[in-house]
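Before anything else, here is the set of structures, which you'll find just below.
Below, chain A partners chain B and then partners chain C, in two separate complexes.
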Partner chain A sequence: MITNHLSILLVVLPLLAAPVCVLLKHHTIAWAFSTLISWSLFAISILLLIHVLEFGSISYHLGGWAPPFGIEYRLDTLNAFLLLIVTAITAIITPYALKSVAAEISAKRHNLFYAVYLLSITGFLGIISTGDVFNIYVFMEISSLASYVLISLGSSRDATVSAFRYLIIGTIGATFLLIGIGLLYMMTGTLNITDLSERILLSPDMRPIFAAFAFITVGIFIKLALFPLHIWLPNAYTYAPSIISAYLAAIATKVAAYLLLRFVFTLFGKDFAFNEIPLMEILLSLSLLAIIIGSSVAAFQNDLKRLFAYSSIGQIGYLCVGISFASVTGLTGAIVHMFNHAVMKGGIFLAIGYLVYSTGSSDLRTLNGIGRKMPYTTAALVIGGLGLIGIPGTSGFVSKWYLVQAALEADLWPVAIIILLGSLLALIYVGRVIEAAYFQPVPEEDLFQPNAQWQMIVPIWLLISASIYFGIHTDITIPIAENAAQLLVGLEP
Partner chain B sequence: MNTSSLILASLALPIAGAIILYALGRFPTLRNSIPLITSCSLFALVSILTIEVMDGNVPEISLFNFAPGLPFAFKIEPLGALFALLSSFLWIVTTVYSIGYLSANHEKNRVRYHTFFCLSLTSSIGIAFAGNMLTLFFFYEVLTLCTYPLVTHSGTDAARRGGRRYLIVLLSTSIALLLLAILWTWVATGTLTFKNGGILSEHVSSSAIAILFVLYIFGIGKAALIPFHGWLPAAMVAPAPVSALLHAVAVVKAGVFTVVKVIIYIFGLDVLRDQASSDWLLYVAGATILIASLLALRQMDLKRRLAYSTVSQLSYIIIGATMANSYALMGSTLHIAMHGFAKITLFFCAGAIFTVTKKTRIDELDGIGKQMPFTMGAFAVGSFALIGLPPFAGAWSKYYLVLGTLQENSYPLLALLLVSSLLNAFYFLPIVVRAFFPLKDKNGTSANKISEAPILMLVAIMITTLGCFVLFAYPDFLFNLLYPLIEN
Partner chain C sequence: MPAMEVITHVNYWAAIILASTGLYAVIARTNLIKKLIGLSLFQTSVFLLFITVGKVSNATAPILSDLHQVYSNPLPHVLILTAIVVSVSTLAVGLALTIVIKKEFGSVEEDELEALQDSQTKEAKLALESDRE
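Moving on, here comes the complex of A and B:
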């Protein structure tokens, strides 16, 4: 029974910790406190995932009010796995914050930074674990508002502009979601996801349901930064403080992708979404465009953060390709890619953050020969990049293996080919980084000698090693993803 | 120690060597001795395993699963043993040569060089021992990545351009075509294990087999079939020992080895013989032989001429395997070893000439035989071996290939083999002749004084030259090793 309460503790803990952080004026204490919280969250989510895998889904009734009247927190394999992804990433990157935040954010705001950071974690964890659609909207607002603040803390003036742009676009997305939820509530009189999924097809008039579906999916597409609704993402990732770039790149889009899965498969149901509405065609064409355009644009970027931000747009495409097949293999690929991409991109952005910390720049042209001066960080960046290409032995290969397999199973040849061609586009942008880092001469006047900061190098390598480990051993990730995928399409695992 | 742990040891050994080398490489003695020790012990391990294979055992080991029913697995059959034995033996020789070459040419980044050399050899061994297509593909890709820093070793603009081409051609063919073919096979058959007689025939229609065949053959870019051969000449920007071991033996032989493996164990010889669709491969490989030979004639850069010669020689092996009769198959697998010895000798000679004279162009080599008699003597032996003249390696493999064409009654192929031998003679012999008998006596004084390459390089050259004789005189060992392959 204790485990059941853990599911609410996961959200309450960071929520209560955030105001405490405001009171902790000293940077190191605030940091240590947040690190402690992030590690406890990680521990809790491991316990929850083990419980869910062993005993099936958890349903927690907030305040003891039974659903559908009360708010329900419902954990199945999918969200338990997502909780693990989010908390694992935060547990690894929060220790990195000490040096990075001290270097990039003015000392007055350190405690506020950690408070907002914890709030945004609260938002993400809340979105994932709640089983109530209005609750999802509330938590989405919490996480979004926190993200705007975190991005605007970036050291350049562009950070404020990017944050403002994200605020405008993000608010539109959230509003769309709210309109959709409102329509659903109007037609069914309930907000509980399980309840909604049963009543939705009994609705006397289906037209509002269609409208709700459109509003909700487009709202999520905005949050997901699915092409062509991605314009907020490159600037937000580029100008945010380094640790926030890593945090958002690893987590934010995965949470949005989770919402897409939850709404499409659990709430509306596979039949409604893929037969009544041509979701497959829409999602597939958008995501293939995302793969090609995102990866191509990435090849022309000179700023590392921007380069990998565009790469993220391509990778979101991969994720959505997997979702669009609506098959077990495809969903397995998509879900495992959420994990793999979070690990790889988190590692890559942390590595870039460390380059920025040491050299003050993330411009590829000023980083010539950086591989000689910072061998560990650069090697991490390169291995992460190889993962994005999908070289065997990295976790990116596992994702691609399942995605291509799903495409072949669905007899969609051209899709399989485009997925593989996308890897070649990734080869171009990663190749540029490798050439600059290792095979360009070091500028002569360059005299700086970075001294290694182990608090930063260890998290980088934790994530990068994980990306190799899970590229070779798939015994942990694949069965979980497969289990979640089977639950989504309504098969008994 | 049982055979499965020997397999693991032979994979772990070069990796361990690479790690120790990276950590301790700043001490010159260690930097030179670690690769030597590693390569010698690797050769010992592979020899033990080869003896096991010749005794009729099948050393194998299965590690963890990548997907249900798809493990990382190793299984040694005769062909793999041959490839591993060849690579690990020539690695010892190349290490000796490299030490001489690197110090004579004052190359930088020697630690990086030796480290990646170790890793490349690990991948070659992994390819040789792979028990299924996924494991093979894994090491195939790692081999590409590990050789890239060796190709771009010098870091000049030309090296980076060459390296870029190398990486793009090899990775794009393998990801876009080979991976697709592998996944298709996996989806269609539910297995990727190498099996005698192939795995496809029961599951896939014959038209699908035809398409898969195209995907596989062109996907294996390391086999350098036209039009995907461009990476090999581009890789010639690498230092000579790299071109010698990797681009005459390890990498390109990994390519043809994979092709032969796929033909025997994925498609099955019988399936391909029944299928008219495999004929196109004979045309493509035949065209590759001719076109590459003609291109080789036009190259004035010595290493590039050797590279084009390699492109054409690789297609001999592919033709032999595609003909799929026992003579041709024997000829093609023998050629893996014979061409390896002959071509590595030629590359060693090219490197020795460069080290002593800094000359890379063929038209500058007039009369060089007087200055470097041993090197050019070895060059002559290597050339004869490639042309297929007895008493040198290469005569046997060509003999069996010719027998194979006769058995098929395929006279066009027979003519092709003979014409290409002639072309081989055209592009190699003038170099040898003019080295010893220059057209007009140039009034250089240095040309009459003997000044040879450093002793370590000469030793390496002499070993491989000797190898060219030995493989002709004592081929029994190879026949015995490869016999089970054609028995089935």
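Moving on, here comes the complex of A and C:
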């Protein structure tokens, strides 16, 4: 069946397209080729999601070797939805690259940029599709190595230093994951997630399993940039080329959050993770700290990219709050927030990228009165920011609604209060942006004339309008997220 | 007998010592090259862990033969071959970044880089300007 082969095509297509990009010397051709690939991936993932929703999960056996001996690609509602998020974001932001990359990266590296970009997409799609834990490690390293290179291409020379730091921390995280996988293999003799989930409780000694759980979750926390393991994130997002800031902010942490869900719920199982190990207490306390500290630090930043990078740390906190409840409502909130945050943050970072492209700076102090000179871009930035606060009518409201409901369901009303407090803190940092953009006078000596680039404005507004559309019409995202959440906790939807 | 346990599990102890040494070097050293050496050491210790898991006592190499009944598990070796490739690529990217950092900043010492970064000098400049106003 062709639909079955689509799941492998999704990973192989960008992998094969990457070396082709190296051969395409001309920037526009390489860009057009990458855009074509990203839209094909988007189409494939829509087909896959429809298939999964209609007929249930897909299991693809690589090379015809049946699992658990061969490598299996297994798509259920959760992966298929994540694949859709990743490919939709890349399809929308790749067209933006034409002007943005031309302005920020030296001409002889353009085709290499697209090659590495496609490789990182391969890595992310591979992590999501595969049902083999060692495969997850390899794909994680593919995506991470590509991300380090992409970050180091930023126009400031500080980019290389932040890429190096990310490399050190990211590799430690991935190696932790590898140690955990080794311990699991040692005790069960299998690498297939479904097979592991059945054998893990039959292990003759549980101590290595506990150690494996610790190594794997800490490794994922590093990739997820969950407080206090978030140190690499602000610099990486600040100095990366604008399009890569948007790309990583929208996708990288969501894929790590997916891994957390997959390992905790599918592999180790809810009972083991939440009864044998106090994961709820650990995750809940860390994520509440992330919300408060991430959002407060964001309020003191002057650089727009850094401001929204810290806001991302807070938003990752919201995601993990939802995961920590281990209830259908909480997980629905978390999964919907993955989608909503990807759309909002993608749009915000693209808008910042356009401000940098037009004015050469992302520093709030040099962007006084920008709302009057670039009304459309600034409006997009502000609407995205309102989404982060969770104003009703934006998609941020939908996810926070579910998270607060889940907190009340679990009888944890202080958590609900902290979630709302986080919104207030978001109001402060978004308020600072609004204040600088609209209430400050335009500097007198400022002579620049922005020239509208539709290739950049259209992707910004596509994402921002999507964040409003999915804030009003929840009949697409919520049922899918609910279905995925029910599968995770083991209820038949 | 604790001494016996150490001897029978010598590979695991070696892996733990290597991993700790590597991690310590990554955290404590300020020189970027030394950090990368530590990182490689840390990754190598995990390879040792995997290979040890594949060993079956009184078994031979996994090549089918009429003379032997018990074989070692070859799968960890295959996994580690892949992991070695990953580790080498990480090291290559890390060293390439170090070269660029050396070219841009003229230093590979982390504490010196801290002071040289553009963000620092820019902040100082902006603070100076706002003082004048």
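Descriptive notes on the structure:
Throughout what follows, the second predicted complex is superposed on the first by the 493 of 493 C-alpha atoms of A that agree within 3 Å, B and C clash if a C-alpha of one lies under 4 Å from a C-alpha of the other, contacts with A are read in each partner's own complex, and residues count from 1 in each chain.
Here is the rule we go by: contacts are C-beta pairs under 8 Å (C-beta built on N, C-alpha and C of every residue); 3 or more make two chains touch, one makes a residue touch a chain.
Just so it is clear, the model here is predicted, and its values are computed rather than measured.
Contact with neither chain B nor chain C is seen for A:Lys25 once the two complexes are overlaid on the shared chain.
In the superposition on chain A, contact of A:Val404 is made with chain B only, not with chain C. In the superposition on chain A, A:Gly182 contacts chain C only, with no contact to chain B.
By the touch criterion defined above, A:Phe164 reaches chain C but does not reach chain B. Once the two complexes are overlaid on the shared chain, A:Ile417 sits against chain B while remaining clear of chain C.
Comparing the two complexes, no residue of chain A contacts chain B in one case and chain C in the other. Listing the residues of chain A that touch chain B in their complex gives 386, 389-393, 398, 400-401, 404-405, 408-409, 416-417, 420-421, 423-424, 427, 431, 435, 438-441, 472-475, 478. Those residues of chain C that touch chain A in the shared complex are 23, 26, 32, 35, 39, 42-43, 46, 49-50, 53, 76, 79, 82-83, 86, 89-90, 93-94, 97-98, 100-101, 104-105, 113, 117-119, 126. By the touch criterion stated above, chain B contacts chain A in their complex at residues 64-67, 72, 134, 137-138, 141-142, 145, 149, 152, 155, 159-160, 163-164, 167-168, 171-172, 175-176, 179-180, 183-184, 186-187. Here chain A touches chain C in the complex through residues 134, 137-138, 141, 145, 148-149, 152, 156-158, 160-161, 163-164, 167-168, 171-172, 175, 178-179, 182, 185-186, 363, 365, going by the rule given at the top.
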